[in-house]
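Okay, got some structures for you below.
What follows is chain A paired twice: with chain B in the first complex and chain C in the second.
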Partner chain A sequence: MPSALKHMLFIVAPLLAVFAVLPGVYQNHLLLFNFVIFLILAQGVNIIYGFTGYLPFGYVGFFGAGAYGFAILVMHYQAPAVVAVLVAGLVGVALGLLLTPLLRLSGAYFAIANLAASLAVLHFVANPALENITRGPYGVSLTGTFNPTLAYTAALVVLALTLGAVVFLKNSRFGLALQAVREDAVSASMAGVNVVRMRVIAWLVSALVAGLAGGVYAWYVSVFYPDNVFSGEFSIFAIVFALFGGVASICGPIVGVILLYGIYNLIGFTTPQYFQLIYGLLIMGLVLFLPAGLVSLATRRGWHVP
Partner chain B sequence: MSPDTAPILNVAKLTKRFGGFYALDGLSFHVAAGEILGLVGPNGSGKTTAINVISGLYAPDGGEVVLDGGSIGGVASHRLVHRGINRTFQIPKPFLSLTVRQNIEVALAYGRAAVAPPDMAALLDEYRLTDVADRPAADLNNAQQKMLDLVRALATRPRLLLLDELAAGLNPAELDWIAERIKALARSGVAIIVVEHLMGFIEHITDRVIVMNAGKEIFEGKLAVAVQVPQVIEVFLGGEHAA
Partner chain C sequence: MLIYALVAGVLFGLYFSLVGIGLNLVFGVMRIVNLAHGDFLMLGAFVAFGVVTLAGIDPLFAVPLAFVIFLMVGVLLYWVLVPRLQGSANPEMLSIILFFGLSQVIEAVTTIFFGTSERSIQSRALGTVFSTIKVKLFGGKPDAGGPVQIFGQGFPASWVIAAATSLIAIALVYVYLYRTRLGTLTRAVMSRRDEAFATGIDVDRVSAAAFGIGLGLAAVAGIFAPFMFGSVTPAFGADATVTSFAIVVLGSLGNPLGTALGGVVYGVCYMLVQTYLSSWADLLPYVLLIFILLLRPSGLLGRRVRVA
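What follows is the complex of A and B.
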């Protein structure tokens, strides 16, 4: 069996099945939805960071842009929610295109510039002068499309597409070439790889993923403010989850989200007063002792982790 | 080289400036298919810069680089690879976290070799990498990483191969072995430019050398002749030895 098929059958399909069944047995649907959103975002970070080495500290910019793309289409054009989600993805891609010059930077410089860019988009959207278009800082209310059940299903579809993209990267020459670019761009070009084009493609795919996730999120919550959908927490959580599990793998970000977001909610419910302390210590421990993520525990022993 | 062979690469009056410093200052030379050309000169004479400009890492500031009659100055590296130029690096630059096999796979898949790309198993075997094929490139020793650099270049079937200090750090047995491999490549029709400090090695494998100083050529011909030329002796050993 080709390994791509194996990955789809034994990782992607079971994960989707579990999240498709869970709403029937577990009452906190919002929590399940948030899990799905973070699974999508962590894999989106995986695509850009794991396969190209660009750390997108302002990843939420695409997410928020997608959410507002959805809102504008619904508010001003009365578009059906599914169409609006697709447009949200395109808004993410458009913002990605606008920000491609950032790819000229690397390392911390890229991360900071990307963070600044996401703040710029936030303040652009939240600008009171744009009240007629975005409702500015006053937030949007999209009661017309409110349908959490359908929105949850849409989130699962986006998750499936995202995981499909990561499985493709993990099993294709394209993904291999991306990793080569991440390791050494000069050598990659000497292997005949068009470095700039590869980076731009990965960047736009991860922007598309976040845009779609933002659209689905807007559909699900239906009432939100700029500060909600542009909250830096989305970027940081998605990055931490992806790194905790281990990037450039399919399982790493999944394990990262389920463990860390699980712990996050567990601590939040039971002992909220210790939550930030424990969470902070956990992340510090991770950075100090497992910089390559949980997956590296296995790969260090020579086990192959998809 | 027979005089009627048209050169595959022609470099004319090439200049490359870094700020006010001219790393290349009017360098001219040519190399023909099947020929091994040595590029020698003291440190800082512009040998590696020449390789970097020819392989597309830097755009030239003046002069021409002509491959098969077409100007290639400033063309992106990956396009030059597709047109038949490849190189190794002084400090090998493999994809460290990828396995040796994956390293080569990238070049096989993206190199767009003009003729059928070479066979992976044969390449691994020929350059003594079969035993480490499934290990990450980071696990290789320096000599093995150099061979991997070379194999990555060969996987794209270059017609012009630039070897930047491939021999430095190899032991005598490895030197003899790699010298034979380089000669065999040249016999198969590849034009090869070798940058090297080991004069014995240069003497052994090259047909012709270009001696560089301060960004331009000061001698062209056999190495054995070069070492008798006062100007060459002066740049290598200092003025008092030239007399």
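What follows is the complex of A and C.
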């Protein structure tokens, strides 16, 4: 059996099945939906950071742009929700294209520029001068398309697509070439890899994923403000979840989301400061003692982790 | 109007240079992104609150105090965090996440102890030491401490004092880097870390000193934050970090004069946009940062070192 099929059968299919069944058993649907959203975002970060080494510190920019793409299409063009989600994905890709020049930067410069880009999009969308188009800082309300059940299903579809993309990267020459570029761009290009095209494709795929996730999110919550959908927490959580599990693998980000986001919801402090404190310490401990993620505990012993 | 915007821009710009210079030093020497930079600014502001409310004296006295405290904090933090970080596969990227965690911890601890309310200091408090000296030593009359006149326009005295302190601090950093032995070693580490190591320079000691000085300068800048921005909350750090990055990148890395120029350019742009296009003023730092990174990644005074 080819390993791509194995990964699909034994990792992706069970995960999707579990999340498809859970709403019937477990009452807190919003929590389940958030799990799916973070699974998508963490895998999106995995595509760009795990396979190319670019740290998207402003990843939420695509997510928020997708959410607003969805909102504008529904508000001004009365589009059906499914079409609007697709457009949200395209908005993500368009923003990604606009930001491709950032890929010329390396290391921390890319991360900082990406963070600045996401904040620029936030301030652009939230500008009172654009109230006619985006409703500025006053937020949007999309009661017409409100349908949590369908939106949850759409989120599962997006998750399936994202996982499919990661499985492809993990098992294809393309993914291998990307990892070669990440390790050493010069050697990779000597070996005949088109470095620029590879990076741009990975970047746009991860932008598409985040845009779709943003559209689905807008569909599900239906009332939101710029500060909600552009909240830096989405970027940070997605990055930390992906790193905690271990990037450049299929299981890593999944394990990261389920463990960390699960703990996050289990602890549920009444005072957010204590939570922030514990979270900050956890992040620091992660970087200092387990920089390659949970997966590295297994790979260090020579076990293969997909 | 234009003159007011320009002069206020220069005053703010000098202050902004002080805000960015610590970050410049840390990134230039260690290639580490101190995402908690803004939080050290915030802590500096809290030192100023402490000095004013506990001792009831001029917050200028907090400047040496904050610098010494955070110099020691920085050296300590360096030894706890950085050597371990440098040993990992991708220290530059991981430092972003590590210091994000640190900034969360600082913000949380400050909130737990001081609450989330906005704090400000009466701007009259700053600079009272000067009028006291004038009265005591030279027998002058105590004046009202009103606005300072520059080119026929009135500016708050606290802005002028902050700008002057920033100038002095930048001059001292310059003296440190170019006129002392440790400073020369610091510049050697900045230009080539591994070669500096190979020539027998104690890279860790030099880096620890730079890290401490960087945090100390951030805290000093923080003392003036309540006067320049009106008030400070524990959550103030994150915005301050991005602004500092814009300034540092605008100038150039490893060059304190570059940061001073970057700060002034930034301050003037900021004031001009705020005067003529106020609803878009929030966008400025981010757009400026992206454009500078793309068009001239080495900054206004830099060499080309940074393109991938």
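Keep in mind that, in the parts below, the second predicted complex is superposed on the first by the 300 of 306 C-alpha atoms of A that agree within 3 Å, B and C clash if a C-alpha of one lies under 4 Å from a C-alpha of the other, contacts with A are read in each partner's own complex, and residues count from 1 in each chain.
In this section, a residue touches a chain if its C-beta (ideal position, glycine included) is under 8 Å from a C-beta of that chain, and two chains touch if they have at least 3 such contacts.
Model, not experiment: these values are computed from the prediction.
Once the two complexes are laid over each other on the shared chain, residue contacts for A:116 go to chain C alone; chain B is not touched.
By the touch criterion defined above, A:176 lies against chain B but remains apart from chain C after alignment on the C-alpha atoms of chain A.
Contacts of A:194 after superposition on the shared chain: chain B is touched, whereas chain C is not.
Comparing chain B with chain C, more residues of chain A are touched by C.
In the superposed model, A:186 lies in contact with chain B only, and not with chain C.
Contacts of A:247 after superposition: neither chain B nor chain C is touched. Applying the stated contact rule after C-alpha superposition, one finds that A:102 touches chain C and leaves chain B untouched.
Legend: residue contacts after superposition of the two complexes on their common chain; A:210 is shown touching neither chain B nor chain C. After overlaying the two complexes on the shared chain, residue contacts for A:163 are found with neither chain B nor chain C. In the superposition on the C-alpha atoms of chain A, no part of chain A is touched by chain B in one complex and by chain C in the other. Listed in rising order, the residues of chain A touching chain C in the complex are 53, 55, 57, 101-113, 115-117, 119-120, 123-124, 127-129, 185, 232, 236, 239-240, 243, 273-277, 279-284, 286-288, 291-292.
Here chain A touches chain B in the complex through residues 173, 176-177, 179-180, 183-184, 186-195, going by the rule given at the top.
For chain C in complex with chain A, the residues that touch the partner chain are 27, 31, 33, 81, 84-85, 88-90, 92-98, 100-109, 111-112, 238, 242, 245-246, 249, 279-280, 282-283, 285-287, 289-290, 293-294, 297, 306-308. Partner chain A is touched in their complex by these residues of chain B: 55-57, 76-78, 81-82, 86-87, 89, 93-98, 102-103, 105-107, 109-112, 149, 152-153, 155-156.
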